[in-house]
Amino acid sequence: MTYVFVFEVGLAALLLAIAVWTIVVRATFAAIVFFMIYGLLAAIVWVRLFAVDVALTEAAIGGGLTGMLMLGAAARLREIENSGEKPGLPMRLAAGMLCTLISAALGIVVFSLPDVAPTLAPMAKANLAQTGLGNPVAAVLFAYRAFDTLLEKVVLLLALVGVWSLAPDRVWGGVPGFRVYAQPSSILVFLAQLLPPIGIMIGVYMFWTGASYPGGAFQGGTVLAAMWLLVMIARLQPVPAISLRPLRLLLVVGPVIFIAIGLLGFVLADAFLAYPAGYSKPLIIVAEATLTLSIGVTLGLLVAGPPEWKTQQ
Amino acid sequence: MTMANFLFGAAAFVLAMVALGLFSVLRGPRDADRMLSAQLIGSGGVAVLLLLAVVTEMPSIVDVALMLALLAPFAAVAFLRDASSSQIKSPDATDHA
Amino acid sequence: MTLAFDIFTVVAVSAGSFFFMAGTVGLLRFPDTMTRLHALTKVDNLGLGLIVVGLLPRAEGLLGALKLLSVWIFVQLAGAIVSQLVARVARREGRHT
Amino acid sequence: MNSATLFGFCGAILVGLGLFGLITNPQLLRKILAFNVLGTGVFLLFGVIARRGAAAGLEGDPVPQALVITGIVVAFSATTMAVVLLLRLYQETGEATISPDDTSAGTDGSRS
C-alpha cells in the first residue's frame, strides 16, 4: 500500500518541519501557534501507531489547555519579547553537534531494536476478562498498574500546591489571577452558554466509554476543565477563591476514594489496590467517575494559576 | 484503485494543504491572521482523522476528531482575550489621566 | 448499490478536498484579514462538510453517522464564532493603526 | 521501512531538536516549548515500542501506551508549574531570559 506510505512519510516530515519552526521562529506568538499545530499532528501520529487512547489525551491537552496556558503567559511577557541574546555561533554549533549525536544514537537504537519485540500484550489480554473491562489500556491504568495512576493524581495535586505556593503571602487563599474578558461580547457569552452542556456530556461519555473503548478519566476530566475555563473567561461564573471549602473537597475526592478502594483491597482481597473478585468493574467505575471530577477541577485550577487577589474582583 | 487507497490519497492531499497553510502562520503578518491559519489547519486535522477512522475501520478515531472539534475555539478565545484586554485597558488609562 | 455509494463517496470527498485547497490558496493569496476570514469559512462549511457527507455511507450504523455529523457541526460552530471574534479585533486594530 | 520505524526516527530527531532549542534559545518560555517538543519525541519512542509489541490480537502493547498517558499528564502539570515560576520570576526581576552573560550580571549584583 504505497498510498499509506506516502501519507505517513508526509505526516512525519510535517511534524519535523513544525518542530523546527516552533524552535527557530522569531515571534513567540508564532512559536506557540506552531506548537499547538504540533500537538494536533502528534495526535494523528498516535492514531497511526494504533494508540487511540494516547491520541485522545494528546488532543485534549494540546487542543485546549496548553494553548490557553501558553497564550496567556506570552501575553503577560509581551513587553520583554525578543529580549535576551542568543548564544554565539561556536556555542550554537557545539549544541547542534551534541543534539545531532543524541538523535543519531537514538536513531541507531530504533534501527537495532530486537526483531521479536518484547511485549506484555498477551498477558494484558489474558487477564482482561478478570478486570471486567474491555479496554486494555484502562485495565493497565486501573488494575495492573493502579499504583502508578494513583501517584499520577497525587503529582497533579502536588503541582497545584506548587503553583499556589508561588503566590505572595498577602493573597494566600485568594482568587487566582486567571485573565478574563473585560467586556465579553454577546457572541462569546453565547459560546460559553452553548458549549459547556455539550462538553460535559462528551466528558462523561469519554469516562464512560473508557471502560470498553479508548477514552477514560483523564480525557474526560480535561474536557470538563476546558468547559469550566470557558465559563470563567466569559465571566458567566467568577474565578473562585482557592480557600473555598467545596472546591478543596472536589480536588481531593477522587484520590481519596481511590485510596479508600485501595485500602479496602487489604480487607476484601489480599493486597493494596486489589479488587475483590467480581467487583472490579463497578469499583473501577466509581474510582474513575470521582477522579474525572477531581482531575477536571485540578487541571482548571492549574491553568488558572496562583492567587493574585485577596478577594473577588 | 481501491477505496482504501483513494481515502488515504485524500488524507494525504488534505495534509499537503495543511502544510501549505503553515506558510501563512509564518507570514502573518498580524497575530489575528496566524490564529485564522491555526483554525483552518485544525479543520484539516479533523478531516484527516475522519478519513483515517473510516479507512482503518477504527470508529474510536472519530472520538479524537470530536475532541479536537469541541476544543477548536479555545485557543482563539484565549488569544482574543489577550488582544481585547490590551485594547480595552488603554482607553481606560487615558480616561483616568 | 455499493457501486453507487462508492461513486458518491469518491465525488463528495474529492469535492471536499478541492475546497480545502481553495481555502488554503485563499489564506495565502487574499490581501487582508477580512478576506482571509472568507477563505476559512469555505473550508469549515464546504470542505469538511463534503468530506463528512461523503463518509456517511461508510459510517458504522446510525450512531456513527450522527457522530460524524456532530463533528462537522462543532467545527462549524467554532469557525463561525472564531470568525466573529477575530473580525472584531481586526476591525478595531485596523481603525487604530 | 515500516511505519513504526519511520515514527521512531521521527521521535529520535524530535529529541535532538527539542534539546537544541532548550540550549540555544535565551527566552524561558521558548525553552519550555522546546522541552515539550523533546518530551513528545521521548513519548513517540515509547509509542514505537508499544506498536512493535503488537500481539494477541491487540494492535499495540497497552503497558507502554498507559505509561505515555501518565507521562503526558505529568508533563502538562510540570509545564504549568514551569510557566507559573517563570511569570513569578518576571514579576520579581522584570526579566524572563537566560543569556550567556547571565553569570556576570548575577555577580555584579544588578539583580536581586
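For this structure, a couple of remarks:
As written, the chains take the letters A, B, C and D, and residue 1 is the first residue of each chain.
Basically, a residue touches a chain if its C-beta (ideal position, glycine included) is under 8 Å from a C-beta of that chain, and two chains touch if they have at least 3 such contacts.
Note that the structure is a prediction, hence the values are computed from the model and not measured.
The chain pair with more C-beta contacts between its two chains, of A-C and A-D, is A-D.
Among the other chains, the CA centroid farthest from that of chain C is the one of D. Here the spacing of chain A and chain C, counted between their Cα centres, is 28 Å.
In terms of their C-alpha centroids, the spacing between chain B and chain C amounts to 11 Å.
Annotation: 22 Å between the Cα-based centres of chain B and chain D. Residue positions of chain B touching 2 or more other chains, listed in rising order: 18, 35, 37, 42, 63, 66, 70, 72-73, 77, 80, 84.
Multi-chain contact residues of chain C (touching two or more other chains): 74, 77, 81, 85, 88. Looking at chain D, no residue sits in touch with two or more other chains.
Chain contacts in this assembly follow no simple pattern; the graph is neither a line, a ring, a star nor complete.
The chain pairs satisfying the stated touch condition come to A-B, A-C, A-D, B-C.
Remark: chain C residues 74, 77, 81, 84-85, 88 touch chain A in the complex. Chain D makes touch with chain A in their complex at residues 3-21, 23-27, 29-30, 33-34, 36-37, 40, 43-45, 47-63, 65-70, 72-74, 76-81, 83-88, 90, 94-101. Looking at the complex, you find that chain A touches chain B at residues 1, 3-4, 6-7, 10-11, 14, 17-18, 21, 25, 27, 29-30, 33-34, 36-37, 40-41, 43-44, 47-48, 50, 52, 55-56, 59-60, 63-65, 67-68, 71-72, 74-75, 78, 179-183, 188, 191, 195, 198-199, 202, 206, 209, 213-215, 219, 223, 226, 229-230, 233. The touching residues of chain A, when paired with chain D in their complex, are 4-5, 8-9, 12, 15-16, 19-20, 22-24, 28, 31-32, 35, 38, 42, 45-46, 48-51, 53-54, 57-58, 61, 65-66, 69-70, 73-74, 76-77, 80-88, 91-92, 95-96, 98-100, 102-104, 106-107, 109-111, 113, 117-122, 124-126, 136-137, 139-141, 144-145, 148-149, 152, 155-156, 159-160, 162-163, 166, 216, 218, 299, 302-303, 305-306.
Chain C meets chain B in the complex at residues 6, 9-10, 13-14, 16-17, 20-21, 23-25, 27-28, 33, 36-37, 39-40, 43-44, 47-48, 51-52, 55, 58-60, 64, 67-68, 70-71, 74-75, 77-79, 81-82, 85-86, 88-90, 92-93, 96.
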